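Chains here go by letter, A, B, C and D, matching the order in which they are written, and residues are numbered from 1 within each.
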Amino acid sequence: MGNSLGYLTREGLRNVLHNRLMSLASISVLFSCLVMIGSAFLVFANLNAMIGSIEAQNVIMVFVKDTSTTKQTEQLGVEIRALLNVESCVFVPKEEAFQQQIDQLGSAAELFEGIDNPLPDAYKVTVADMNNFQTTVKNIEQLDNVLRVRENSDLASKLASLKSAATYISIGVIALLLIVSLFIISNTIRVTMFSRRLEIRIMKSVGATSWFIRWPFMLEGMILGVLAGLLAELAVWGVYEAVSRSLKGLLSTLGRSGALPFSDYWHILLAGFLIIGFLAGAVGSLFSMGKYLKEQECAGIDEE
Amino acid sequence: MGNSLGYLTREGLRNVLHNRLMSLASISVLFSCLVMIGSAFLVFANLNAMIGSIEAQNVIMVFVKDTSTTKQTEQLGVEIRALLNVESCVFVPKEEAFQQQIDQLGSAAELFEGIDNPLPDAYKVTVADMNNFQTTVKNIEQLDNVLRVRENSDLASKLASLKSAATYISIGVIALLLIVSLFIISNTIRVTMFSRRLEIRIMKSVGATSWFIRWPFMLEGMILGVLAGLLAELAVWGVYEAVSRSLKGLLSTLGRSGALPFSDYWHILLAGFLIIGFLAGAVGSLFSMGKYLKEQECAGIDEE
Amino acid sequence: MIEFINVTKKYPNGTVALRDVSLKIDPGEFVFVVGASGAGKSTFLKLIIREEVSSSGIIKINKYNLNTLSKREIPYFRRTMGVVFQDFRLIPSMNVYDNVAFAMRVIGAKEKDIRKRVTYVISLVGLSSKARCMPNELSGGEQQRVSLARALANNANLIIADEPTGNVDPQMSKEIVDLFMRLNEGGATVVMVTHEHSLVRCYDKRVIILENGSVVSDGIPARLAPSEPAKPPAVEETPGPHPKPYLPRRQGTEITDIPVADLLAGSGKDGGR
Amino acid sequence: MIEFINVTKKYPNGTVALRDVSLKIDPGEFVFVVGASGAGKSTFLKLIIREEVSSSGIIKINKYNLNTLSKREIPYFRRTMGVVFQDFRLIPSMNVYDNVAFAMRVIGAKEKDIRKRVTYVISLVGLSSKARCMPNELSGGEQQRVSLARALANNANLIIADEPTGNVDPQMSKEIVDLFMRLNEGGATVVMVTHEHSLVRCYDKRVIILENGSVVSDGIPARLAPSEPAKPPAVEETPGPHPKPYLPRRQGTEITDIPVADLLAGSGKDGGR
């Protein structure tokens, strides 16, 4: 079959050009689906990053005993930083803490004027992994010179569950889009093949094996799939840059410095697009052709 | 043409059954697209409701002058409630306010024990429209016996911009899905028509007018469109109920009582689905047939 | 009336299928068109039914001038004729009955008339038992006869037939031509392309011979034969001891049991028009 | 060798196209199959090429038993024969050259051999100038000849032809049958369905007559004619002064300028097999 390979390849290429309507339709549909999947992926990546940055704002306040010396206080800071799961640890002098309390009260703050500062010195600790939040709190409580630990474990658990919810939803939505896309693509290919069933039947009646017929169709599918993947990458890139630029103002209001850079994601997307496109094209045409390639069973089946 | 109408209608119905592969493919693709659009719509409706419920938590604290009598205080409450844009107004006695402050401080609260309550009585006011937040604050400040108004205008403006961002994004995403869907659907119909071009050509050569050929195809498209719409409604309903039930726990963690009930949205969705399905089917087949219905131009065009 | 004035047809790929053809077919005439494969016979018919447009020259069919015919009028124009296509052109998704009925449905005939007439023309071509079959369940000759039945459905007074006997046996071929003769006697104009010269020779009708896109002979063979010694081989190459065309032998043709007699009276009142 | 033993073919819609047919065609034989439209001729051929499967009975083709042939073997089985289809079966997206070449490509022939052989068989059917045309740019007869060329491409030693002369003029018909005769003389088995009884009569070959799915006559007409007075009208209804089949007159047939002489020597070394 060495001679055939060249022919089959040329034939696949020729098909792409010859059936322009079909090619265009297949590429368009695949392209649309990939763009949707890619967009969903980027939206969820950003959402995750956003939740992450909110998480970073969830801090543990560690109040230092009034009785401890400056040295002891510093020692405590070192010990906290040495703990696993501690990402940052910042010293907050009591004056600053009091001022923050007052600020939090807004314009009612002046009511506190003249009151003695009842607050102790403190450390502001952020954790790396929210899921081990409680353990970290426990560890800190066991250190020397700790007066009391203030933590918002409620918010922490909320954020943790929000994050896992976002992850589940992202995976769910992308999986759904993938399924829907495969469904749409396979239907498009089925219809395309249907319109070429005559051709397939003729080839069979001249003595072509199933694989000889399949090859050019599969190759055609692969080429179209890869083309659609490349186009989708370009489209998603363009749209993402445009949208993230126009949303920049909004994101900064929400406390984020901007959308994630596309350059961090282009290779994942491209790889995904090419794999999906390639497989959809190859496997899609492989399966949707099956029906038209079938030979009649031997004697007897016509009778029922 | 009275006689024909019955025939053309029967023919359209017959086509649906006869071209089962094509019908199935068209319905599937349309169905998939509608499900995506419907899901996006419901997700955004819920998102909006969520932001709304956060908004409702953004309150204006109105502190009452220490010097005012109980009567004057009550009078102030009545005046606040009378203002436009005030949604609710709840009295918070000073003891309660102090307790809240202490609670907010978390476990560091016992530090305040023994300190005199420095807070005045207050009213907790929520506004109806966030965009008029500032005006309402101004109006309250001008009332008698108001010591001071505490408001978080920063959060208010953040929420307002978040809400409008969510609206824009919802509209954008749904519009995008709509465009992508129309694109996919029109391509599917084009391919379907392509595979029936022979039939169309034969009909033409027997003397059928374009409309006589179009009618059954359009009717077929409409039937398939409406069917796809109905199926999509059922699918979205089922999926929504399942998802909202499984997310109930999560949503309550986030402070929401649960997803919006589907019963509030089914008619909007159904109407949308039916309209899109109907139009896609009818207009789609109308346009994609055009090419195959064209007659050759008169003499001379072949020569160039 | 069919009139071609200096008609040339050049296909987009450069093939010149008809070259400067001028001829006139009067209403009520019966014309055979013969010629080798690729001579331009089908192109000639396609120009008549305006499936192709001439590259130059004027074509007039009855009251229609095809050079000025608007696209809107084409369907109405086509309904004035019954056409048997060389490749049959049956609608693959409709059964035999519906294929034939389609020609009447396009003109908006009443369902009752359609039923009567279609049943009748299907029986005429001997396919009553196959009325519910789909085209792909028919033999080649059966498909051809469905195409014929469809051409007859509307009782048009111009019949265009492209090799209507190519896939049927000689006996049935004769029956089909006899059917056309009857229609012709009833006033219809018939233009029939055929390869079966033996058939052409049985009838004393006008024969147009195409060669390479040009008309090389036009007339009634019996009368032409002695006057045209220069171009003999185009029709007379069939083996046999006959150096020149048969003389007409109408009495010798066997009319079969198919009830053609009442074809022109037709059930269904002129096809509902 | 083709052997049918009590073969019956009933289509899914209930039509019985062949009824209890038993016959044997020896290697190197030339067989005409004739019969009225719908008699089951194409079905007979479709069973031979295993496009349809028999409802009952045994079919053996050369070394293949079609009742036990596995699906995997079918393509290889089909390559042992050259088939001219009644409906041509040209691949619409390929031009004439590629359509013919396709039959050689499926067996993995070398591109060089393909070029030589395909050019040759296309010239053989007189279509050299149309080699780059698409099937829809060809006349009916031209399409038929492409189908013929494809059947010849692989130099198969079993030729199955379903009305290969249905769309061409009598002269070309003779040329085509003569071509088959040459192949036959070179050792190929030929089974040819035809309606043109005048053609059959020119050759002294075995004729199988099908009627309503059954074989009603089988043998060489010249020898059969006196012994079978009971069934005369099936073949001999053509008008003319010949009450019985012609005797063979091979010397009378005009062989044209098409170079058939070297067909069996074949350029392209047996089609690359």
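Please note the rule applied: contacts are C-beta pairs under 8 Å (C-beta built on N, C-alpha and C of every residue); 3 or more make two chains touch, one makes a residue touch a chain.
Because the structure is predicted, anything quoted here is derived from the model rather than measured.
For chain A, the chain with the farthest CA centroid is C.
For this pair, chain C with chain D, the centres built from the Cα atoms lie 28 Å apart.
If you average the CA atoms of chain B and of chain C, the two centres end up 63 Å from each other.
Note: centroid distance chain A to chain C, computed from Cα atoms, is 68 Å. In chain C, the residues touching two or more other chains are 11.
Multi-chain contact residues of chain A (touching two or more other chains) are absent.
Taken as a graph of touching chains, this assembly is arranged as a ring, one closed cycle with exactly two partners per chain. All chain pairs that touch, listed by label, are A-B, A-D, B-C, C-D.
By the touch criterion given at the top, residues 10-12, 49, 51-56, 66-69, 71, 74-79, 83, 85, 89-93, 102-103, 105-111, 150 of chain C touch chain B in their complex.
On chain B, the positions that touch chain C within their shared complex are 1-4, 6-7, 15, 18-19, 198-199, 202-210, 212, 295-303. In the complex of the two chains, the chain A residues touching chain B come out as 21-22, 24-25, 28-29, 32-33, 35-36, 39, 61, 63, 101, 104-108, 111-112, 115, 118-120, 148-152, 157-158, 161-162, 165, 176-177, 180, 183-184, 187-188, 190-192, 194-195, 247, 250, 253-254. Interface of chain D with chain C (complex): residues 11, 13, 15, 34-38, 41-43, 86-87, 133, 137-142, 144-145, 162-163, 166-172, 174, 195-198, 202, 233, 237-240, 246, 249, 252-254.
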